[in-house]
Amino acid sequence: MSELSQITAPAPTADAVSVSPHGGTALGPSFDEGSLVRPAAVEASDLVIAAADGSLLVHGVSVSVRPGEALGIVGESGSGKTLTCRALLGILPPGLSVTGGTVRVDGVDLTGAGEREWRDVRGTRIGAVFQDPASYLNPAMPIGAQLEETLRVTARVPRRQARERARELLDDLGIRRVDLVLRQRVAHLSGGMLQRVLIAMALAADPAVLIADEATTALDVTVQAELLDLLGRLRAERGLALVLVSHDLAVVAQVCERVQVFRDGRVVEAGATSRVLRAPGHPYTRELLRAHAAYGLERFLA
Amino acid sequence: MNTVSRLWRSGWTVRLALLILLAVATLAVAGPAIAPQDPLAQDAASALQEPSWAHLLGTDYLGRDVLSRLFAGAPASLLSALAAAAIGLVLGALPGALSAFVPRVGEWLALRVVDALLALPFILFAIVFAALLGNGLPQATLAIGILVAPGFFRIARAATLRVRDSPYIDAATYLGASAWWVLSRHVWRQVAPNLVVAAVSALGGALLAVASLTFLGIGVQPPAPTWGGMLSSDLGYLGQRPWGPLAPALAIVVTVGALNVVADAARDVLGADAPARQKEAVRV
Amino acid sequence: MSATMLDIDRLSVDYGRVRVLDAVSLRVRPGEVVGVVGESGSGKTTLARAVLRAVDAAPESRILVDGRDVTRLRGSQLRAWRRSGAVQYVFQDPLRSLDPAVRVAESIVEGLRIARVPAGEAERRRTAALEAVGLDEDLLSRLPSGLSGGQRQRAAIARALVVEPRLLVLDEPVSALDAASRDRVVRALIALRDDRGSDLAMLVISHDIGSLAALSDRLVVLDRGRIVEDGPTRRVIARPEHPYTRLLIDSVPLIHTPTTNRPLPAPVRS
């Protein structure tokens, strides 16, 4: 079976969408035709996450993203999507642990790795931004100082160059009046601006992978659109592997060429976004699409 | 009471503290009645004796039975402390809660007045009070009550402020509720636990304050016994009877300690001042 | 009964030196559902609160509810008007809009107790309100913490309904809810709209155009304190006239799967 897939899978390009005539479901829900062709920038295989009392929260989930690719992860809260991402960053909450499967980040095997090994990898090979940007920043310090601190500590930029690098980073992200922004404290910046700063911090050490976990959920829809465009651009410019996590299928559909649907700690559907949206295999996916049909704007614009 | 039974179940230290307080409360009410001997009966011949079967805690410098004096002196100290805490509660809590609803000017005034009172050294204040209004226990009690009030003011105000901005308060307001309705139906429920905890602690503090004042001779009408007064006179005879001050001192310390233990346990049981869970922030 | 249920005329609200709402004019007819869409900083919550007279309006403003000028109501008159139940309010955060220490049954009839409505009548109205929002009677004896987000929000709507308002103001009613709860609450509101007809008008404030579109007859777009568009829902979304509206509509992510407009199924009892 794998031979056949290798023959039919097209050669990868940065924005190719891999479509297999079998569709994802024929080969099992977690199997994803795109994963065969290039080594992954980040991947987890048969990941099992258990709570302290032994109960399983994630039941053998496999995720992989190639360099320059965007993978969308869709699911409600409690579906295991956030826990899986945290496992890819080595930041599972206390009491939870990976009890099965493997984790590889940018070629480094981190299965069962200790904190020191994770620290080497975090920021330098894999970065992340989360939902509420203000809570990840120190309210008492100007954000410029915090960005410089990240640069010095994670990217090992010498002190004298840190300020210049900070300016460059924010400039890269399309922020105007960079010097003004650097001087501000958290309270004076909008959610969208703060999220850009956090993206800058996450990318400071030029990691291969960026995880955005509900990064636009709390933001206004126009700001969300800007940030999604930004993430798309960063992906194209830096060859970044992007993992975009959201409860909103449409957000994922806008940016990602592959998608995995999580439910109750399992991947119930995986494959090319266009295929999943057009011909969903799993009832849950169909339910998500129905929900979107009721509240999305397509019915007014069609 | 539901709270008492929950307190009882929360640990052996609390149980011990509650039992101690029960004993102390009995003394506060019936101290003089259950004193084995006449606390005022002097017997110069048997002055400054060690504990014996006749006098379980020995005798003081005038031959009076220490145990009886301890029992008889309990109401004065304890009931004064209770009265002071009650005065503080009434003077402080209601204005504190209301200040959370009063616009800026009232707030500023109330806060500055409260700050000033909190800054006063209480013994000095009590002495001045005594000088102005007479050297009696009621006056001393009033003085302590006034100085304890700011603490209640702050706690009531803080608890009310926390509640004031909750949507359910607005909800009641939009339904046409009066300020009194909002306070008594919604605010009170959230503020009461904090006040109960504060009251128990304040009781301990007030007892210490009363003991300190009576130790200094303020509010003492000899020969009526008070715990602080006993401590003071016993210290004068440390040479002859080194263990002397231990009885009143322990009485004070044990009572205040028990009150503090109960206050802490009450804070846990009633959920007063529960801090909001902080979201876990992760730097990557 | 007047021709307009709510008539907001040149409403301006200042917080200090900042003009949060600038000459906003808006009309809601009896039985109409008007959705106000705005992003953060648009002043939408201030607009909602202004209708309940919870904020002070600038001198030239006028707010008329069911024909009565309520712009300068204060103190006991304001309380009396609120008790009369002409307008009611549903908050964004279902978790904190119900007193956590009070049983749901009590919370729902609070408005009636404040208005001193006799117990029998209060119970009758409560039962009717629960049915209207699709909530089960046996949830009544619980504390708010024993209900899901969607159930709490419906309880909050029931609380607003028992005083029999003719205008319901809802501030982000579904923003704090997960998809399933959001769906239930929206359906409950649609059922209310359909059942009550011209007896109940609604003003719904939200940043989520999708939910608003499911519910509203008209859409009003608020941008930094000003109304930039006001028209039938379908038209505003399909053919927006103002650039900001266009930006807003374009920003909403789509799934690129054209679907036909299917009517929403009948409301489901939870």
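The chains carry the letters A, B and C, assigned in the order they are written, with residues numbered from 1 in each.
Methods note: a contact is a pair of C-beta atoms (placed from the backbone, for glycine too) under 8 Å apart; a residue touches a chain by one contact, two chains touch by 3 or more.
What you see is a predicted model, and the numbers here were worked out from it, not measured in a lab.
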Chain with Cα centroid nearest the overall Cα mean is chain C
With contacts counted as defined, which of the two, A-C or B-C, has more C-beta pairs across the interface?
A-C
Counting only Cα atoms for the centres, state how far chain A is from chain B in Å.
57
Could you put a whole-Å number on the gap between the CA centroids of chain A and chain C?
36
Could you grab the centroid distance between chain B and chain C? Build each centroid from C-alpha atoms only and quote it in angstrom.
50
Quick one: which bits of chain A touch chain C in the complex? Just the residue numbers, please.
76-77, 190-191, 220-225, 228, 247-251, 253-254, 274, 277-278, 289, 291-302
In their shared complex, at which residues does chain C touch chain B?
52, 54, 79-84, 88-89, 91-93, 96-102, 107, 110-111, 114-115, 156, 159, 163
Complex contacts: residues of chain C adjacent to chain A:
39-40, 178-180, 182-183, 186, 207, 209-211, 213-214, 233-234, 237-238, 247-262, 264
Can you list the chain B residues touching chain C in their complex?
166-168, 170-178, 181, 185-186, 189-190
